[in-house]
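Working notes for the structure below.
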Amino acid sequence: MEVTAGWYLALGAVLFVIGAGGMLLRRNALVMFMSIELMLNAVNLTFVAIGRHVGDLNGQVAVFFVMVVAAAEVVVGLAIMISVFRRRASASVDDLAVLKG
Amino acid sequence: MVELVLFIVFGLIAVAGALSMVLHPNPVYGALGLMATMLSIAVFYVVNSGHFIAAVQVVVYAGAVMTLFLFVIMLIGVDRAENLEERLPMQRQLAIGLGVAFLVLIGLIGGNAWITAPASASEPNGSVEAIADLIFTDWLLPFEVTTLLLIIASVGAVALAQFSPRRRGGAEE
Amino acid sequence: MGFNVLSLLIWLPVAGAAVVIGLPRRRPELVVPVAFALSVLTLGLAGFLVFDFETANGGFQFIEKTAIAPDLGIDYHLGVDGISLFLVALTAFLFPISILASVNVADRRKEFMAAVLLLEGALIGVFLALDLVLFFVFFEVLLVPMYFLIGLWGGERRLEAALKFFLYTALGSAFLLVGIIFLSAQANDQFGSPTFNYLELLNLDISRSAQYWLFGAFGVAFAIKVPLFPFHTWLPDAHTEAPTAGSVVLAGVLLKMGTYGFLRFNLNLFPEATVQLAGFLAALGVFGIIYGAAVAIVQPDLKRLVAYSSVSHLGFVVLGIFALTSQGVSGGVIQMVNHGLTTGALFLLVGMIYERRHTREIAAYGGLQKAMPWFAGFFLFTAFASAGLPGLNGFVGEFLILLGSYGRYPVLAIIAAFGVLLAAVYLLWAYERVFTGEPDKEENRVLSDLGLREVGILVPLVALVVLLGVYPKPALDRIEPAVERVLDRIEDRTDFEPPLRIDDIAVVPAEDDQ
Amino acid sequence: MVDYIWIVIALPLAGAVFLHFFGSRLREPIAGVIATSTVGLSFFYALIAAADFFSGTGEAETVHLFDWIPTLGANAELLWDPLSAVMTLTVTGVGALIHLYSIGYMHGDPRFGRFFTGLNFFTASMLILVLADNFGALFVGWELVGLSSYLLISFWFQKPSAAAAGKKAFIVNRIGDVGFLIGLMLILANFNTLTYGTVLADPARFVTAGTATAITLLLLLGAAGKSAQIPLYFWLPDAMEGPTPVSALIHAATMVTAGVYMVARTASLFELSGFAAATVATVGAFTALFAATIALMQRDIKRVLAFSTISQLGYMFLAVGTGAYVAGIFHLFTHAFFKALLFLGSGSVIHAMGDEQDMAKMGGLAKVMPVTHLTMVIGWLAIIGIPPLAGFWSKDEILALAFGAGGWFTFLWVLGIITALLTAVYMTRWMYLTFWGEARWDDGVDPHESPAVMTLPLVGLAVGSAAFGLLNTPFHGPFKPAFEHFLEPSFEAIEMAHLPSGSTPWFLALISIAAAAGGALFAYRRYQGAEAFDTAPVAAKRTGVWRWVTNGYYVDDIIGNLLVLPGKLVAAWTAFVLDTEIIDGSVRAIGGGVRRISGWLRPVQTGFVRNYAVVTFAGVVGLLVWFVSQGAG
């Protein structure tokens, strides 16, 4: 059996749903963050797979940019986590329901 | 044939890692599971002739980002387990229902018209040179913008992490 | 003409605002002189404009035009004609006075002066803009300093008043924006490219039904600004709560944006709708005259009384404009200026007394003429100017409006004439209660009369009030050609015949008899 | 000379401006002297400018000063014709004497200079009124005299009653002015200009009789306001709150005659509308009678004269309404003298009595104030119409002309005769209670004759009151109708009323003399004796009709309760119910509605990030559903 791009897409979908589930079900902000990373990776995978299918390198370039943005996002996000944690001593997002310090 | 084996093995690892990340109450284990997933995805990149991307995936994601996560987890001392009991009404049911619906829909699409574009005969060349060629010609402006983004992100991170959370003039909690 | 006087008029105050903000915080004494000097400089430019203006020319002069966004047809396009000329001059005239009247603002004086100067630039911009987008931008931008003037430096209920003012105006602006964009889309259909250029839009051929909708969209925005009944309730709150400079500018100039807008855009762009709806708007104006006056009569608060008198006076302007006769419209234009001067002066006077006693209640006063004869004299003078006493400016406008509108709306003009009576009632009754009789309250007996600065503020106003009342010819000479142009346009585009034109006046009766 | 006729206006105006700024710094008599001399100089200038009219060679001239509102035909243009000359001379002549008198009367007032500012300003305004060459400028003067009247009546602003009276005068005047203004609208609409030249030359070419009626009735409303005729007369008695010279100058001699002047000026319009002219005459005759009855019962020395003024103005209206324009202006002219005289005399009395105005506390003043008394006797005889004093000639001419007009006017003539009788009664009563009979002074009051600066004008006016009637007698020889010849050019095109032919005028004269003499005799006996004041009508002692009369038929109360009070209620309802509750209320209701709706929607924003994430994910799923459905379709 040959592994076609469709297989990767299916795998990407599964990983994406798992990530989304983590995002929705977990309260720990760090885990939610990691779920987001997982979703991004799932999508990246589909980019690369489709890029290979159509013989285009631009898919990989897109992945590159996603990674850069994700890295930046993680940096800032974690910094926010730290400062929130310093104040609240909790990493649960459900404790952050009001726009007030 | 090799590819099929690789897909099955690393696909399983990836899914298992992802599930452990989502389901394990302790974030440290979750982080390790996610790292496994990332590495598997790097393998898939290689298979799909994204050599440079695979290297970046390993270095940046599995290396830098996940390490950062672990640092933070250690730093804020959440090595204890999280209470997984759900308090938001309908949250769990909705989340699972939507997830299933998503998969079903993807399945529907997959069964119907998955990829309509004709398969290309040639594999893309995912070498550093080829990627660099694209980035520094067609994608030069977005690329430069990412540099800005990174600078702003690092400055922002330093600023956020550095300043004391105490309010000016206000009473401390 | 070696320099772009219109641009300077707009941007000098705006730059001035930046300069004032940039003044060192350790030198607070510099703020007022700098702001005052800048506004006087602007006044000088406006004076130059008035004298350099070609009298008999009814079109736009001093035109400046630079494309901003050629694809969208947005230009930086300025020009002045007889209608806007005196509004610009009035704006430039009232601001130095307002600044001088606000030297006692203690709290954040720098920001206050900067807001005032910014407001001046934006207001002048409104009157000079010949591009609809530019007009809209100025129209909106000036809300910001005005909002802060009311909201930060106002009276007790300032936040409520500022919010009300802002929301009302923003509501109108939404309609205005839709109308402007629609016009540009029409232009795109007819000329092949979108344009916001007022002069080009004049050539637009708009269907009758579209004219009604556009008239409504522009009309609501301007009616709120005027304010026409029943959109007027923001006005008393805003006027009353605003600091003195704010009230002066609000009543003196801001309201004129509404009437100016009607005259500049509704009459010119939608002539057919104008002819059809003029009666309705004139009736609203007349209703406002009587209504504002009736409400003013019983106001217990002196500043509110003056505020409602604005509703009444602006009703005259609306009546004059929609009379669509040359006397009526020129009366409307000159009445805008007159109202700015007299009501501005009244607000200044109320502000002066408020600074002394910190109350605006009429009942708190009485017998003030004894302690403050000068103040009483100025107040009475201004009250009579406001009540349209002949020989003072208010009369010229009201006289032209009433006599000019009779030819078209006899009944409305007759009702409006009673507004003149009611104006005397509310002003003189207020004067009687505040100034005459024996001062029976101790705190009224020891009030100090006007100081040199205050007299200095009022004297230019008084001088202009007399000048415009006795010799309004220079103003009328500049206004009338522009007004004639508007009416000619309406006549050309519709089957409307103004009942009275200036040319008819010169007919010598003996000739047509033989 | 005529080209610079504006100097007549400019002099008092300059005086007013100068005194406004420097009056308070001048030593006391100087401000008065300046004011008096400006008016006096104006008088002499006008006299010289009118020289051509005296010789019968002058023609009406128009002097263009500057453009004011050209599009209305309202420019600063002056008209110098015999009519305006008469008015100018009356205003400046009588005015100068009153100015002079005021120097004495206002002695010691802390705002001495300010008072003369007002007087001068008033004179200038009145001159604008009479010299205007178009309705626009006329209206300027018209309103400015209202303003100066306001300023002068409420001169003693500390007195609430004075302030209120000033306001009332101005506002009632303004009611008339609204009518006038509407009249001007009609004129402009029909004639396209406000210039006299066009409007008055031959109005029949522009307007029908019906339009002319409308215009003239509206102008009449303005005239009624200014000249205190029914229905707008009620401000004048209150206006007596002002200093007495003001009452003399404004409310007797000059401002109140503006209405008469205006009707005479627009004679050609009134001629076009017989109805309007008859209305003028009727209003005049009824006002004359009505005011005379009220005057019978007043206690205040000045209020009697105020109602008398209203009554005499009624005569003038009767005259101009009958078409007897010359007679009307002539009565205006003589009345200016004898009424100013009477007012100044009463001022002299008030001054002497230490600001006492109640006639119940006077009496017997003839002995202590001989000059005042003597001049008052002349004024008294003049006003009740005893020949050969001025009042007789002018009043009798009016009555004779009214009788000659026939028809309805005969009835008006009857009213006029009754009024003449009543005039004699109340004026004799006035004389008796003030100068004759027992002294009823309060303790500590020490009346004395006024200084020369006050008595001199009295004498001057008395001479005028006595002699000027001879300027216009129906005889030939030295006492020919000179006044009529003088005014003739102004009324060339107008058809004037004619005296009845034959000996009728003699009988009419006899009747009116008899009425005057009878009335005087009756009053003289009625108010005689030691108990003069006990028998004199006093409000509290009277019942029935007399109570009505004493209280001026309760007109003030009726107006207060029927017009002012409901007006205030309507205004209050508008302000505090309609405006604040209904209109602003609905605005606030819209605000509240938005707030309520957002209140309903607010719970959607739980603040829980994961809730938002679910919704976002639902959106993603929804998009997929859409894709699938598109693919399926």
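Labels for the chains are A, B, C and D, by order of writing; each one numbers its residues from 1.
Simple rule for what comes next: a residue touches a chain if its C-beta (ideal position, glycine included) is under 8 Å from a C-beta of that chain, and two chains touch if they have at least 3 such contacts.
Treat the numbers as computed from the prediction; the structure is a model and nothing was measured.
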Would you identify the chain whose C-alpha centroid lies closest to the centroid of all protein C-alpha atoms displayed? C
C-D versus A-D: which has more C-beta pairs touching? C-D
What is the distance in Å between the mean C-alpha positions of chain A and chain D? 92
Determine the centre-to-centre distance between chain C and chain D, using the mean Cα coordinates as centres, and give it in whole Å. 36
Centroid distance [mean C-alpha coordinates] between chain C and chain A, Å: 58
Approximately how many whole Å separate the CA-defined centres of chain B and chain D? 96
Would you please write down the residue numbers of chain D that are in contact with two or more other chains? 608, 610, 614, 617, 620
For chain A, residue numbers touching 2 or more other chains are 20, 24-25, 27, 94
Which pairs of chains touch each other? A-B, A-D, B-D, C-D
Would you tell me which residues of chain B are touching chain D in their complex? 88, 91, 94-95, 98, 101-102, 105-106, 108-109, 112-113
Which of the residues in chain D end up touching chain C in this complex? 66-74, 136, 139-144, 147, 150, 154, 157-160, 162-164, 167, 170-171, 174-175, 177-178, 181-182, 184-186, 188-189, 191-193, 198, 201-202, 205-206, 568, 570-572, 574-576, 579, 583-584, 587, 591
Hey, which residues of chain D end up touching chain B in the complex? 608, 610-611, 614, 617-618, 620-621, 624-625, 627-628, 631-632
Chain B partner contacts - residues on chain A that touch it in the complex: 1-11, 13-22, 24-28, 30-31, 33-35, 37-38, 41, 44-45, 48-61, 63-65, 67-76, 78-83, 85-87, 91-92, 94, 101
Can you list the chain A residues touching chain D in their complex? 20, 23-25, 27, 32, 93-94, 96-99
